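Here the chain labels run A, B and C in written order, and each chain numbers its own residues starting at 1.
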Amino acid sequence: MKRLTAYGFLMLLLLSGCGAQLSPDEAQESIQVIAMDTAMLITTYGERSPAAAYACEDTIRDLEKKLSRTDPDSEVSRLNNAGTLEDSESELRSILIQAGQYCQKTGGAFDITVAPVVAAWGFAGGDGYRVPSQKELDRLLELVDGFAVKGNGQTLSLGPGQSIDLGAIAKGYAADKLVGVFQEYEVPRGLAQLGGNVLAYGDRPDGTPWRVGIQDPAKPDDQNAFAGVLELTDAFAVTSGGYQRYFEENGKRYHHIIDPATGYPADSGLTSVTVAAGISDGSGAMCDALSTALFIMGEEKALDLWRHWDGTPFELVLVTEDGRVVVTEGLADRFTPDESGGYAYETVS
Amino acid sequence: MPMRPSPKLRPTAWDALVVLCVAALAIGLAVFQWRGGTQESLTAVVSVDGEEIDRVSLERAAGKRTYQAGAYTLTVEYAAGSARVLSSDCPTQDCVHTGIITRSGQSIVCLPARIIIRLEGGAAKDGGVDAVLG
Amino acid sequence: MKPTTKQLTLCALLTAMALALSYLENLFPLSLAIPIPGVKLGLANIVTLFALYALGPGQALLILLARCFLGALFAGNMNALLFSLLGALSALGVMILLSRLRGLSLYGVSAGGAAAHNCGQIAAAMLTLGNSAPLYYLPVLLAVSLLTGGLTGLASACLFRGLRSTNLMKG
């Protein structure tokens, strides 16, 4: 009897083990978060996917609490209101240091102190859009100088009258943090869409790369119109374009990416810029900051910067007003053109 | 203390009936889920601040519905297989600019109202994309 | 009805054994073989089953409640209490009903109880998460419960066979 029991025990274990094997990938969790002025969608896989997804939400909410311009208690608001902040946390300092680097490397095309100008256009949220007078812009442009943001130990300070907006780097920084969350929770794969920022972590459940479409800037209303599709594994990609947040006045269209040099929406001949880079420390923030800056700089300067870049390598997809899609060499074999858009495709090196 | 009936210690034919009932329940549930999983039609899920407030099947046109959230009112038009925001009194109009969505995974977002309209279910995303940049 | 000292002692002993068995089965995590949440052998069910026949539904319920509360307390995880309570109460409820059916043996009662246990846990998961996603696991859990239920039935049958000669079963 004893032996029979033991055999029965074993058999049952084996049977149940074989019959009910489920892939851990089937466990998956998707959450939507409205934060940082955008809608975020995060999908995590693996056995700990629900916990990981909620940890992602906490991370984002925590960042937003520190970086929000609208929350009067945030570190950024306190810095903006007082001009100095004595007890800043390392997180904000780290973002400001990165912002300073990209400001310098892009010749001021990326500048977090452009905030007062952006606010004058109404793109900082609130009362709706308007075209500021040239006089007003001239006055506000004098406040724009990314190098006036200083840090000394824990103390941060702005130039007189300055204010900062981290909207063009915060989501990329958040994407960097999510990589840390994914690693902590041993998420085998995941996809995070943070309003124009995509973190493609690992590969798809079927083992192929994540397929990320680049919206056709000429058809912003058609969600199935792509300038092309990127195949990404363990990568960040960020697109900046002027086709989604805009308003029209007297028949002219004004979009939300303000050139710190002119105070006007950037008019560089590009309709969208996509920056992609592999996952490494700080590369999410880099992609975010560069996508804005290169959109302002235009095709020629953008490609120049790409050729002479000495930091973490990145690749580009530029869509131009005259109907071309320019793909940099390193991305060419991971980029599929979408012929229906009528674009001429070029690969540059 | 009354004597309790001593339990039967050898399996009986009635035990098989219990096993059959449980097995039938398991198989029935599995079949139900499997059918539901593959044949689930395209559905628009409307949420405010992450909280689901409406769910509209897009198998056939479902007309217009209005949603109020925060201080704003959105009118959404549901056609067979697609959804779009017809009008909104939000200041940014981003949701109206988003246009028509037709595929599972696509969404329309109205930030001022904190409304997300997202499509779920429908045909597998063959040839489609997992995420959209822009 | 006031319990006799013997019954009280037996209740305490059975509670301790149920707790020990719960701990023991954590040493053999069945969820390694079947990687879905909620899969376990349910050895503590042997005690519930025994108590049900030896002491009656009332005291079986008391033992079960003590086991759930103490188990959650020892594990320092009060969140798990809802899961174990809903699971164990459903199991006991179904087993009380099934044990009234004269045609059924321990195996049938045990299998029914194991299946009910899983239903209760899934219900708890659905309550906690606020959606019906956990229902997805139920078919597999039910299939597994037939096996684990049969196993605990077998163990209980051996137990009763061994105790037949003692006076424990006579109250």
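Operating definition for what follows: a contact is a pair of C-beta atoms (placed from the backbone, for glycine too) under 8 Å apart; a residue touches a chain by one contact, two chains touch by 3 or more.
Source: prediction; values computed, not measured.
Trainee: What's the farthest chain from subunit A if centres are computed as the mean of the Cα atoms?
Mentor: Comparing chain centres, C lies farthest from subunit A.
Trainee: Closest chain to the protein's overall Cα mean, using per-chain Cα means, please.
Mentor: B
Trainee: Could you please state the distance in Å, as a whole number, between where the Cα atoms of subunit A are centred and where those of subunit C are centred?
Mentor: Centre separation, subunit A to subunit C: 51 Å.
Trainee: Need the CA-centroid distance for the pair subunit B / subunit C, whole Å please.
Mentor: So the centroids are 35 Å from each other.
Trainee: Please tell me the distance, in whole Å, between the geometric centres of subunit A and subunit B computed from their C-alpha atoms.
Mentor: The answer is 28 Å.
Trainee: Tell me, which residues of subunit C touch at least two other chains?
Mentor: Residues 140, 143.
Trainee: Show the residues in subunit B shared as contacts by 2 or more other chains, in ascending order.
Mentor: none
Trainee: Within their complex, state which residues of subunit B touch subunit C.
Mentor: Counting only subunit B, the residues touching subunit C are 1-19, 22-23, 25-27, 29-30, 33.
Trainee: Within the complex, which stretch of subunit B touches subunit A?
Mentor: Those in contact with subunit A are residues 47, 49-50, 91-94, 97-103, 106-107, 109, 111-112, 114, 116, 118, 128-134.
Trainee: Using the touch definition from the top, list the residues of subunit A that touch subunit B in their complex.
Mentor: 31-34, 37-39, 41, 125-129, 191, 193, 196, 198, 200, 204, 210-215, 217, 220-224, 226, 229-230, 237-239, 241, 243-247, 272, 274
Trainee: Taking the complex as given, what residues does subunit C use to touch subunit B?
Mentor: 4, 53-54, 56, 98-99, 101-109, 111-112, 115, 135-136, 138-140, 142-143, 145-146, 153, 156-157, 160-161, 169-171
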